[in-house]
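Submitted below is the structure of interest, expressed as C-alpha cells.
Chain nomenclature is as follows: A, B, C, D and E, assigned in order of appearance, with residue numbering initiated at 1 for each chain independently.
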Amino acid sequence: MSIIETKMEARPAKGRAVPLAKAIGRFLIAAVTTYLGLLAVTFFIGRVVPIDPVLAILGDRAPTHVVERVREELGFNLPLYQQFFIYIKGILSGDFGNSVLTTNPVMTDIRRVFPATIELATLGTIIGALIGIPLGVLAAVRRGSLADQIVRVVGLVGYSVPIFWLALISLVIFYAQLRWVAFPGRIDIVFEYTFTPITGFYLIDSVWQGQWDVFYDVFRHIILPASLLGYFSLAYISRMTRSFMLNELSQEYIVAARAKGLSETRVIWGHALRNAAVPLVTVIALSYAGLLEGSVLTETVFSWPGIGLYITNSLQNADMNAVLGGTIVIGTVFIGINLLSDLLYRTLDPRTRSR
Amino acid sequence: ETPKDTLVEGFAIDDIITMDPGEAFELSTAEMTTNSYSLLVRLDLNDTTKVKGDLAESWSVSDDGLTYTFKLKPGLKFASGNPVTAEDVAWSFERAVKLDKSPAFILTQFGLTGDNVTEKAKAADENTFVFTVDKAYAPSFVLNCLTATVASVVDKKLVMDHIKPMTPSAEYKYDNDFGNEWLKTGYAGSGAYKLREWRANEVVVLERNDNYYGDKPKLNRVIYRNMKESAAQRLALEAGDIDIARNLEPGDLDAVSKNADLAATSAPKSTIYYVSLNLKNEKLKKPEVQQAFKYLVDYDAISSTLIKGIGEIHQTFLPKGQLGALDENPFKLDVAKAKELLAKAGLADGFSVTMDVRNTQPVTGIAESMQQTLAQAGVKLEIIPGDGKQTLTKYRARTHDMYIGQWGSDYFDPNSNADTFTANPDNSDAGTNKTLAWRNTFETPELDKQAKAALLERDGAKRAAMYQDIQKKYLENSPFVFIFQQIEVAGYRKNLKDFKLGPSFDTNFVGPIAKE
Amino acid sequence: MSAALSVENLSVVYDDFHALQDVSIAVASGGSFGLVGESGSGKSTLLRAIAGLAPVKGGAIRVHDQLLQGAKRSKRFYRNVQMVFQDPYGSLHPRQTIDRLLLEPLAIHGIADSEKRIARALDEVGLGNGFRFRYPHQLSGGQRQRVAIARALIVEPSILLLDEPTSALDASVQAEVLNLLEQIRRDRKLTFVMVSHDLGVVTHMCERLAVMRNGAVVERLTSDQLASGDVHEDYTRNLMIASKGFVKTRNADFSNI
Amino acid sequence: MTVPASQPAPMSRREWLLSDRPQSRVQARLGRAYVTWRQFSANKLAVLGLIIIIALLFVAAFADLLATHSPVVGDLKNARLLPPGTGEYLLGTDDQGRDILSRLIYGSRLTLFVVVLVAIISAPIGLIVGTVSGYAGGWVDAVLMRITDIFLAFPKLVLALAFVAALGPGIQNAIIAIAITSWPPYARIARAETLTVRRSDYISAVKLMGASPVRIIIRHVMPLCLSSLIVRVTLDMAGIILTAAGLGFLGLGAQPPLPEWGAMIASGRRFILDQWWVAAMPGIAILIVSLGFNLLGDGLRDALDPKESGQ
Amino acid sequence: MTALLTVDNLKVSYPTRTGVIEAVRGVSFTLDRERLGIVGESGSGKSQTGRAIMGLTPKHGIVTADKLDFNGIDLIQASAKERRLLRGKRIAMVLQDPKYSLDPVMSIGRQICETLRTHEKVSKAEATERALAMLEAVQIRDPKRVFDLYPHEVSGGMGQRAMIAMMLIAGPELLIADEPTSALDVTVQLDVLKILDKLVSERGMGLIFVSHDLRLVSSFCDRVIVMYAGRIVEELRASDLKNAQHPYTQGLLNCMPQIGEDRHPLPVLDRKPEWAA
C-alpha cells in the first residue's frame, strides 16, 4: 500500500521536460541496477534464512548420507562467493533453475501462477477504479458535505480493516451462509478436464472458447476476492481522487472554465478530472502493482494459486530458485509499471512532452 | 456437487515433492503410491502384525533366515499393458537402491548396496523373485519393510524409455537416472488407479487402471484437491464441493458428525506426538527434570479438547497396532510431584527453557497448554514458533532446548521407532546417524542393544515382549514426553459407500469406494 | 580606486543552456551598480554566480581583489557579501519565526550577543520588537522584504547584492523599501549591486548601470546618460519607451471578428 | 494585513494565543499550535480518531487494572471457546480457555509497541536518506535512490517474511522486519520535498549565510519535511498494525502466548465457522485502532499540510 | 440610454474561522461602452469585484448588492443557469494570471473552440476556423501552430492573448480584464493593450480594466476608480488623475521613481485609518 503512495512523488517534475530517449536510457540503467540489487538481496536472504534447503528437497526422514550427498550436489558446501558466482551465472544464462517444491522449471510455475494474480488484481483494480473515481469526485465536489464524510469513512475503513480478516468474514458470509459465491480456488474441480486454459486468464479463456458455464463458474470464484481487493484499492483511489480533485478545483483555470460559461458537469469531468487524471493514472498503476505483489494474504485465504502465495510458500521451504524467480518477476512488474505510468504520465500531461 | 463417477477429496497434499516411489517418502505421497502401484506383499488389515500377498502369490523363507523367495501371481499386467515379471520386481529394487534416495535405507538396511543389489534381489525366472538379506532378521521385520512404498514395483520397460543419461561422478556412479526425473511426475505402476497428473500444491488426479488384476475400482477418477485448512475442508464438504475432508480438526469434526448429510470415520495411525528435551541443556539433562516434565502435561485437558477425536493419549514410542506396542499411560498432570522432582534436581525455583514449535495445530495448542502447566511448577517456557522446515532445520542441528514434534514410522514395523528412539552410535555433533536419540543428545546403549537383539528374534511373541520391555524402561528414563498417537479422521458425504481409513498412510485405499 | 567587486568574462551554463556569456562588470567600493534587462536575460544568474549559487563555467570573480574559485565560497566570504532575493516570501523559511531567521546567521558565524543584535537589526529596518516572533506569513510583503534585508545586514557585510528587491511589491511599499536601502547604504557605506527591470528604480538607486540581454551585457551607462536619453542601443531605447506607458495608436484590424 | 491593535490591552487567553504579534517564542509557538488545534478539532472525525488513540494509550497503560483475567493463562478444560457474555467472559474465550477481552487489553500494549518502535526506527531512516539524497543530488542521490528502489521493488510482505525468517520469530524481529520494509516510502517523500525546497530562495539564503550542508539539512530541510512525514507516519500506523497483524496471521509475528491481535485472528481463524468471536474480536480491535490512526492522520493532514488545508 | 452595467453597494465577504473577511465593502459604479480602470494596491478587492460581477465568487463567499444590473438583467436574482449562460457569451473575464488560467492539458485551440461551442451551435470545422481567426485578431503571428500548442508551450504574452481570444470569441458586450498585463514584459504589455483598445473603440464593448499600475491606467482608460481596502476612495476621469483629491491616490502617484528625476528619499504613503472606514 505504501509503495504505491510514495511512488507518487516519483513522477516527473513538472515543467522540465526530459527527452523521451534520455528518460528511457536512464530508466534502463536504473532497472538493471535494481535487478542486480534484487539478485543480491535474494541471494542474501536465501543464505541467511535458517532453513536447510536440502530439507525441503528430501524431507525429514532421509538418512544422513543422502542429505550430505544432496548438499554436495547442490554446491551448498562451497564458499559463499563461489555460490554467488554460480548463482549469478545461472541467472545470466536465463536459467532460473527448477523449483524444488514443484519440480518444474521456475518459469513454468510462474507462467501458471502469475496470470492468476494478474487476473485477480486487474479485476480488483477495475472494480476499485470504477467505483472509487466517481466517489472521489463526488467527495471533492461536495467537500464537507455528508457525502464527503461518508466517502471518507468508507475509504478510511478500507485502509484500516485487516484484509485477511475481512476476507475470512466475507467467506463465511457469502460462501458458507449465503452460497452466493463459489469455494476458494480459481475454478471448480468439475471443469478440471473439460476446460483447458490457453492464456491462463480463465475469464478470457472461457469466453474465448465459448464455455459460458465455465465462465460463470470462474466468475463465481473470482468475484469475492476481486471485490475485496477492489474495496482495498477503492479506498485508496477514492481518497487520492478526492485530493487531486480538490487540488485541481482550486486552480485558476477552473475559474476560467466557469468564466467561459461551461456547465458544472463539463467543468468537473472535462477539465478538473481530466487534469486530476494525470497523477491519478500513476496512482492507479501503482495501486495495481501493489495488488500484484501484495495480495499474499488474500491469496492465502482464498487459496488463490497466485504468485504471492507461491513466493511465500517457496520462502518457507527455502526454495530459493522459486523465490528468486518470483522476485524477479515482481521486480520486473514494478519496474515495468513504473515505466508504463511514466509513459502514461507523459502522454496525458503535455507539460512533460518536449518539442 | 461432485460428478457421479469422481471422488473428490480435500487433502493437505502440499508435502508432495515427487511421485517416484523410489524417491517419495512423504505421507500424502504414500497414499497416492499405494493406490497406484503394487507391492509384493501388503499389510493385512485384519491383523496388522501380519502381511498378505499383493503381487506375490506365495513366499517362503529359507531356514537360515537369509533368503526370501516370492512367487508372483500369473498374468499380471502394468497399466501400460506390459506384463509384470520378476525382472520388474528385481529392477525396481535395484533402482531404489542405486538411486539411494530418502526411503532407500528401508531396503539397504538388509545389506543391499549398489554393487550387490543385482545379486541380492534378482529374478530366478519369469515369476520368481529371490531376495537375500545379510542377517537372520525376524521375518516379520523383513516382510513389514517390503510393504513400504519404496518397494513398489515399477514398469521397467516403460521407465527405460524415459531415462535420462547422466555423467557418473563421485556422488553418483551410474550413467543414467533410472527414469527418476520422469517418474517425479510420471507413472509406471500396476495399482488400482493410475496417476494422471500431479500439480504441486494444487491437485493429484488418479484414474482407474483397467489392467488392474484385483478388484476393479468403482469410480473412474479420484481427485485430491490441496486444501490445507480444516475449516475450508469442512465448508467445502458441507457444500458438497468435495466428497471427503481429510484434515479435520476437532471442532470441525464435531460439526461434521452432527450434520445429517455427513459422516465421519477414523483410524489410529502410527504417528506419535512427543516433546523432546535436548540433553545438551544441562538442566534438561537431569533425569528428575525429564520425569518432572512428564508430569507437567495436562493430558486429560488436551485429550478432551485440542486432540478430541484426532488423537488419543499414548505415552510410549510404539504406536498401537504395531507389534509389541505397550498400552500404558502412567503419567497424569501432577504439579506437586513434578515440583518434588525438580526440587530433587536442585531446581526448586524453576528455570527458563525454550521450545521450538511449528505453526500448526495441534502442536501449537499443546505447546501453549504446556507453557501454562509448566509455569505452575515454575518452569518458564518460551515458545519459538517457526515454519515447519525452519524448526526442523534447528532440530536436526540439535540447537534446540525442547522440541515438539511427531514421528511416523518409516515402515510398519516396531524396529522403525525402536531404532530411532534408542540408536545413537556416534553422539558427537558430526554423528552420521541422526536418529531422534542423537538429535536430543540422548545415549542409551543398553536399550539400543536390546532393540538390535529384538530385530533378530524370529519368534513374534518373544519379539513383542522384548519391545515392551524397552518401552517400559523408556518410560522411566528418557528425555521424551510422549503425548498422543494420531487418529486419522475423515469426514465424508453419506452417499459414499465403503470408505475406510487404514492403519497407516499407505493403507488408505480408494479402490473400494463407491457412490450412490 | 580599487573595485570592491569585479567580474571578468563570466560564463554560466545550465546543462547545455548558456545563461551568461562573457559578462564583465566592475563596482567601485561604496558604489552602486544597476543591472537591467528583460526577463530571462541573466540578471539573477549573474548575482547568483557571484554568491556561489550558480555553475560557473569560465571567467573570474574578484571581491576586494581576492579571486574566487568556482562555486565554493568560504564562510568569511559570506560575512562580506550578502544577497537579498527577488521574492520576499520565498526567501524566508516558512516555518521559522523572524527571531529564528535572524538568529541563524549569528549562530553560523558564532557571533555573540545575539539578543542585542537582533533587536538592533529589526530597529534598523523599521520593524519593532513586536514582529520578532511572527512567522513570515504573518507579515506583509514589504515587511518580509525588510526582514530579508535585516538578515542580510546582521552579519555586517560590505557588499550587498539585491535581486529585484521590490518587484513583488506595490508601488507604495516599494518606495519605503527603496528609501530604506538608500539610507542603509549611506549609513554603512555599503557597495550595492542591484537588479531590476524597472529603469526608474535603477536610475533612482544607482550611479552606473549595465543593460543585459540574452546573457550578455549590451550597454553600460551612467544614470545621467540614461536620463538624458544618451543611449546607443536600440534595445535600451525600447526599454525606455515601454516604461513611459500606453500611447494610443490605431493599427489593428478587427473587421474580421 | 489588518490594522494592528495599537495598545496591548488586556486580552483573553484566546486573543493572546491568536495574537498577530506575539511577544515571546513561547507565545508564538503556542499560538501556532493553537491554530493548528482549532483547525484539527473542527474535524469531528479526526477528533474521534484522537479519542480512539488516547483510549488505546489509556488501555495500554492500565491494562493490569482493566483486565479481568490473565492474558496468558486460561482454563483449557472448562472454559474453552465460550461465547461472548458467558459468565465473566465478556467477549468469550479462545481455544486455550483464555479471556479474549483481557487478551485484547494486554494486546494493545504490543500494538502500541510495534507501532511506536517502527515509527521511531523507519521514519528517521527515511528522513535522513531522503533529505540527504535530495539535497546532495548527484551520485549520492543515485546510490541512495537505487537502494530505496530495490527495497521498494521487493514485495513488501515477502521481504518482511524473509527477514523474520532470517532473524527468528518474535515481536522485536517482526518490528525490525517491518521497519526495514517501511522506510523507503518515507525516503521518497522526504526526497521529493527536499527537491522542491532545495532550489528555493530561502535555502539559498541560508547557504548565503555560510551554513554547511549538514546544518542546512538538519535545521532547515528536515523541519520542512517533518509535517508531511508526521502525517504520513500517522496514516501508516494503521498499515504497520496491519502488516504486523499479517505477519502474525502467517505465524511469524509474536511468540505465543503473547496476545498479538493478528496472531489472535490467525488462531481464531480455525473456529470462524462455529466460534466466530475468537477471530472477530481481535479483527474488530485492529479495525478500530487503525481506523483511529487513519482518522487522526487524515485530520492532521488537513490541519498541518498547507497544500491540503487550502482555502 | 441605460448603462451597460450598474453596480450598487456590492459587498463580498468570506466567513472564516477567525472571523469574517470583508473583501469588498460596498462598491458602486456604472459602466457604459467605455474603458473603466480600477486601480488599487494588492488586496484592495479589485479582482473580487470583477469576480462578483461574473458570479465566480467561491461557494463559501457571500455576495450582496443593492443593485447588480447588466443590460436590464438583475444578476442578483438570476438563477445559476441564467448566469452561466451569460458568462462567456455576454460578459467575459480575462483572469489575472494566464499561466494558471489556461487548462494545462488541453490545447489552446480546443479551449477556444470550447467557449464557442458552449454558446453557439457550430460545427467543429467552423469553430476551428473562427478560433483561428480570433487568434489572428489578437496579433498571434502563426495561429495554426499556436492552435495546437499547449499552454506551457507558449510564452506569457501569447498565453495572455490566447486567454483574451478565448474570452472574446463569443463576442461579449462586457469584458472584465483583470491585470491582463501585470505578468508581462513591458514590451509585450503594449501589444495586449492595443487589442483591448481596439475592441472598445470599434466594437463598442464595455471594458473594466483592473490594474495596480496607476500610470498605465491613466494613459489607457477613460475613467478610473481607485480602491482601497475594499472600498472606492475616488472616481475620476483618467485625464484628471494628476489632480486627484484623495491623499491615497496622490500618494500612489507620487511614490514611483521616475527616470531622470532626483527625489531622495522618495515620498511614501502615510496610510490613515480613516481611509478604510
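FYI, contacts are C-beta pairs under 8 Å (C-beta built on N, C-alpha and C of every residue); 3 or more make two chains touch, one makes a residue touch a chain.
What you see is a predicted model; the values in this text were computed from it and never measured.
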| item | value |
| --- | --- |
| Steps needed, at fewest, to go from chain A to chain E via touching chains | 1 |
| Centre-most chain, if every chain is reduced to its averaged C-alpha atoms | A |
| Pair of chains joined by more contacts [C-beta pairs], C-E or A-D | A-D |
| Euclidean distance of C-alpha centroids - chain C vs chain E, Å | 32 |
| Whole-Å gap between the CA centroids of chain B and chain C | 88 |
| Rounded Å distance, chain B centre to chain E centre (Cα mean) | 90 |
| Inter-centroid spacing, chain D versus chain C (mean Cα positions, whole Å) | 46 |
| Of all residues in chain B, the ones touching two or more other chains | 235, 387, 390 |
| Residues within chain D bordering two or more other chains | 1, 165, 168, 269, 272-273, 311 |
| Chain D-facing residues of chain B, complex | 229-231, 234-235, 249, 251-252, 255, 298, 300-302, 304-306, 357, 359, 361, 364-365, 367-369, 371-372, 375, 382-387, 390 |
| Chain E to chain C touching residues, read off their complex | 41-42, 133-134, 136-137, 139, 168, 171, 185-187, 189-190, 193-195, 197-199, 201-203, 212-216, 218-220, 251-252, 255-260, 263-269 |
| Interfacial residue positions of chain D with respect to chain C in the complex | 1, 4, 20-25, 27-28, 32, 200-202, 204-211, 215, 219-220, 223-224, 306 |
| Complex contact set, residues of chain C against chain E | 38-39, 141, 170-176, 178-179, 182-183, 197-201, 203-205, 226-228, 238-240, 242-243, 245-254, 256-257 |
| Complex contacts: residues of chain A adjacent to chain B | 49-52, 55-66, 69, 72-73, 99-104, 109, 171, 175-176, 179, 182-185, 188-190, 192, 303, 305, 313, 316-318 |
